[in-house]
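You will see chain A twice below: alongside chain B first, and alongside chain C after that.
On to the complex of A and B.
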């Protein structure tokens, strides 16, 4: 028996021949680890950048978004479990899109970026890397939407092709990660610091689940960590939970919980704090942290007005707003 | 108790039989799951290898060699339980 040890994520799966890693798609065939969904996405959509969500990175741009089966987390509230909690051989729908085909299609559709998203793109790492290199050659950006549960060395290498990332902090509590996501917190924080060091534009999402991770003390601790380690200009998105998958016993997050979390984060010094998954909420728009001017108005994923100057400044006070605007 | 059993009617016996068959089916289903879970360890999963092989042969999936792995050391394979 020639087993292999996967070094990609902190699970360090030891996989015997014929078995897969915990992610279901990295398989040991003949003593070699195979990426079975390389070039074989099961989801392809064109989304607005705001859907990732990335609010400070090419606002309004179309993003060619792809995902393959598999994931290295097993969140009880997963919204894409039909995709993420299955192996490639279990999927009804598989597209053939090797990196050159993918980049060509994205370009033909007029997309400014490719997003590796929906499931966790960490598990189709090689596909992301090769597509990312080609996309850069064609002048397109690469966007990574992830839970960030990856080892530092492969992440640092991957950062060479990444331009922006939205990283989930599921909760600022290791016990929550173990119970709800089947993972641990520290590697996610390490990953965020690595991305910051490598110059990837980072936005953070925190999905607030009633009674499980909506405690203000926990939110305060997370916000302080983001402020101190990633910077006060790091956008933070508090997102509304909807009952899904194996967590249908809890109600959607009340709007007042999201409001309280947003206020807490802004009081702690974060300058750009958003509320997501709530249509028409004022917390979905970008305001100047100095004089409160509305910079980018949003309704859901759609931009209703954009008052930023071409070089990303407030038109009233000329303050430079952190982000990648052009 | 014995008196009650004597008074069971055929209809009752059929019902008890149905309950027993249902219980047996559930037990077998759970046992299969537990056996599979028992085979898995060290983070790996048993998969439908025949289906995977067929899909690789048809081009629907790939066998592109992954990065970031090494042949497991003897120490690492100690944790492996069973084979797929």
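On to the complex of A and C.
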């Protein structure tokens, strides 16, 4: 009987033969580490790119979005807990879609990219990598929506097939990560820096939960870190919390909390700060940081107008807007 | 009134009941086992069926 150590994420689970890691889906079969959900997604949907959310990456494009069961975090407020906090064998619906099937289906649906999303795609790493390679060969991009709790070495390798990522910073506080997410902060920050070094287009999401991580001093510290380590052009999304899973005792985030956080981030020098999960908020649109021209108007996840030039510049002052526009 | 005892039932009736009992058990197993097997098998990719978990409008 030989145990194996999974070196994918900072948990470094030591898995006995026949057992599984903390994520439920990485198992030790006959002394070898396997991901049980390889080629077995449980959620598949065609979403707008804005839903990931990615606002500076192929705006308006359809993205073929998939997830398998399992996650290496255990957020008390998870909005997809029916998927993320289960093993593959516990799912009511599991589909057979090996990488070629997946890429073929995405292409047939006219999608510009495949998004690995909903649960945390880190746990189905091999499936992402193999599908990502095939997607590139077919001219499609790969998008990663993640909490970023992964070791640097496997992440650097994965960056070879990733084009864009939306990474959550759950809070700029290690204690919050331990209490609410069952994880730690530093590996997430290290992962973001690694992605930037590898040339992956990054947008950051910070879900604001009333009383738990909406302190302006904490937000200020996070914003300064993003500005200094990732760059002032990195889009930041402040998302509204909705009561879910084991955190139904708190109310949705008030709009004024999101407004204050957005102002704090813009005052600190971030150029593109958005408000998410609030329909019709002005913070859902993109404005030129130089002259305030409306560049991309959005209502929810839908684009109402796109005034960017073909090469991604402001039509008024010609400022180059960071992003991947074509 | 005379109460009918088990010993009064003929051997032929015994056999008939045993046979019906076995038949019923086999029938139940025949129903349950294929269903369990079916639940655990992954289905072919179908976008129409797979279109779930997205019944809310939150980002992600």
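Basically, the second predicted complex is superposed on the first by the 326 of 326 C-alpha atoms of A that agree within 3 Å, B and C clash if a C-alpha of one lies under 4 Å from a C-alpha of the other, contacts with A are read in each partner's own complex, and residues count from 1 in each chain.
Just so we're on the same page, contacts are C-beta pairs under 8 Å (C-beta built on N, C-alpha and C of every residue); 3 or more make two chains touch, one makes a residue touch a chain.
No experiment lies behind these values; they were computed from the predicted model shown.
Asks: Please indicate which partner A:70 is in contact with in the superposed arrangement: first for chain B, second for chain C, both, or neither.
Replies: So A:70 meets neither chain B nor chain C here.
Asks: Should A:40 be classified as contacting the first partner (chain B), the second (chain C), both, or neither?
Replies: both
Asks: Check the residue A:132 against both partner chains and state whether it touches chain B (first), chain C (second), both, or neither.
Replies: The answer is neither, since A:132 touches no partner chain.
Asks: Identify the partner contact of A:8: answer first if only chain B is touched, second if only chain C is, both if each is, neither if none is.
Replies: In the superposition, A:8 contacts chain B only.
Asks: A:105 contacts which: chain B (first), chain C (second), both, neither?
Replies: A:105: touches chain C, not chain B.
Asks: Between chain B (first) and chain C (second), which does A:121 come into contact with in this model arrangement: first, second, both, or neither?
Replies: In the superposed model, A:121 contacts neither chain B nor chain C.
Asks: Once the shared chain is lined up, is A:20 touching chain B (first), chain C (second), both, or neither of them?
Replies: It touches chain B, and chain C stays clear.
Asks: Counting only touches as set out at the top, which of chain B and chain C does A:89 meet: first, second, both, neither?
Replies: Both partners.
Asks: With both complexes superposed on chain A, which partner does A:148 reach: first (chain B), second (chain C), both or neither?
Replies: After superposing on A, A:148 lies clear of both chain B and chain C.
Asks: Under the contact definition given at the top, report the residues of chain A touching chain B in one complex and chain C in the other.
Replies: Dual-contact residues (chain A): 40, 89, 94, 96.
Asks: Note which residues of chain B are touching chain A in the complex, please.
Replies: It comes out as residues 40, 42-49, 51-52, 55-56, 59-73, 76-77, 79-80, 83-84.
Asks: Quick check on the complex: what are the chain C residues that touch chain A?
Replies: Within the complex, chain C contacts chain A at residues 39-40, 42-47, 49-54, 56-60.
Asks: Provide the residue numbers of chain A that touch chain B in the complex, in ascending order.
Replies: 1-8, 11-22, 24, 26-29, 31-40, 87-90, 94, 96, 125-126, 151, 153-154
Asks: Where on chain A does chain C make contact in their complex?
Replies: Its residues touching chain C are 40-47, 51-53, 67, 79-80, 82-83, 89, 92-97, 101-102, 105, 109, 117-118, 145, 205, 237, 239, 242, 276-277, 279, 300-301.
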